[in-house]
Amino acid sequence: MPVPILKQGSVLIASIQTALTDTDVLRLQNKLIEQVGRYRSRGIVVDVAAIDVMDSFVARSLRAIAQMTRLRGAEMVLVGIQPEVAFAMVQLGTSLEDVHTALDLEEGLALLESLGGEAGRHGGPGS
Amino acid sequence: MPVPILKQGSVLIASIQTALTDTDVLRLQNKLIEQVGRYRSRGIVVDVAAIDVMDSFVARSLRAIAQMTRLRGAEMVLVGIQPEVAFAMVQLGTSLEDVHTALDLEEGLALLESLGGEAGRHGGPGS
Amino acid sequence: MAAPAAEVRVEIASDDDVVAARQAGRRLAEQLGLALTDLTLIATAISEVARNITAYAGCGEIVVRQIEQRGRSGVEVVARDEGPGIEDIERALQDGYTTGGGLGIGLPGARRLMDDFAISSHVGRGTTITMTKWAPA
Amino acid sequence: MAAPAAEVRVEIASDDDVVAARQAGRRLAEQLGLALTDLTLIATAISEVARNITAYAGCGEIVVRQIEQRGRSGVEVVARDEGPGIEDIERALQDGYTTGGGLGIGLPGARRLMDDFAISSHVGRGTTITMTKWAPA
């Protein structure tokens, strides 16, 4: 099942709708790499609310995307991690300390906005 | 192929135009170290948009330049890393967490400007 | 009232099978009345050992079954393959150890996710991992 | 339609050759229709093993070829030298291990960049690294 990627302004939003195979994860990764370049995106939000399991393969791929994005001076935010999935990630040992997280899409977009203040935006209002 | 270095105010801009051999990388490193001293530069922007591969040798040299620059109270920003190059760097294991990055030259200069408030500029305008 | 112990068996050969196995395990655990958190822990552990089968052995199987022991009921997962085996089990159970470029947390992580965990492996003959999550008393 | 399997061979003796090898590998992978990301992963892995040839063995060669296996096609890279060999392969595959003042991520990194990765090395006789990236199914 391909993961739909929406473009909203300078942000890409990937909304995972269902359980992903490793192949699906790699496809998502490739698509994000391609689109972040094509659209010169400032940020990526990955919504994992519908994901059943965040195992070491998914965690590794998400971390790679986050680091790739940061190397471009942009940011990735992970949103919608369910409490039980978060708990399993901690037990497994992939707590993704270095990845930005937010409760849901709305808060993820707000977080991106505030992060953009450092690297991306120049001549922001009133400063 | 030598890498051209432009001087724009107190900033040096190194624009990599093509694939680099290790020798090219070492030459660039030496030239930047020499010019940052000669011109008392406040910052360096290295534009790697045209680079095909950022392997461990290039990554190590760029990190060395960033550290050297910092020791002089200035800052280096890496700009233009292509998404697929960034992704390969992450897989390789050189995500350069300690190096500033920005999307392109313009944003790199803006980032230097904002960083300058902390490191470089003293008595900057209006602050 | 004691229904025959439920059991599901999933052949593992591709990454679709990894998803199928963890979903089957989850459903069985759900039928036994385990809590949502436990279902997720079990599914995550199955995902790790099933992926190892595809990555290191090529193919194998996962069996998930209900077990009863000393009055407690639980879910037992057996992951079995006839692949190359694990040379140094103790090392394979250390965080960060990988021979395949992974994160190296699959086996130690699965052990943390489950209550009981055992590996039996013989080089050249294969690997069997047996792990259990007990329902709260 | 099956054209004879493509193959390129690059002698490695200087740092120009390192660039030539990764560009040749990239072009071949491009002809096979691999995605831009994969081309970059392959080129980066070639750069690492080719540099190791110049750094530790002096000279050697890189062969990049198209392969087919169980219905999948891929790009195989073989890096071969008759240099001093690697004494402790397992250690050489650990992140940060270097005998040459490098970052020590060339070999473990190349393993992560590619899908399959194998080293065969004999002290005093040389080193052969074989690594593969598979085209998506």
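For reference, chains read A, B, C and D in written order, and residue numbers begin at 1 within each chain.
The rule we apply is simple: contacts are C-beta pairs under 8 Å (C-beta built on N, C-alpha and C of every residue); 3 or more make two chains touch, one makes a residue touch a chain.
Everything quoted here is computed from the prediction, not taken from an experiment.
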Identify the chains in contact with chain C as well as chain D, in label order.
A
Quick note, more Cb pairs in contact for A-D or B-D? It is B-D
Chain A and chain C: spacing of chain centres that average the CA atoms, whole Å
29
Centre-to-centre distance between chain D and chain A (centres being mean Cα positions), rounded to whole Å:
31
So chain C residues touching two or more other chains come to none
Give me the residue numbers in chain A that touch at least two other chains, ranges are fine.
23, 29, 33-34
If every chain is a node and each touching pair gets an edge, what shape is that graph: line, ring, star, complete or other?
other
Per the touch criterion, the pairs are A-B, A-C, A-D, B-D, C-D
Using the touch definition up top, name the residues of chain B that touch chain D in the complex.
19-23, 52-57, 59-60, 82-85, 87-89, 91-94
Complex contacts: residues of chain D adjacent to chain B
15-16, 18-19, 22-23, 26, 36-37, 39-41, 43-44, 47-48, 51, 95, 102-103, 105-106, 108-110, 112-113
Applying the document's contact rule, which stretches of chain A touch chain D when the two form their complex?
23, 26-27, 29-30, 33-34
Residue ranges of chain D touching chain C (in the complex, touch as defined):
108, 111-112, 117
Chain D-facing residues of chain C, complex
101
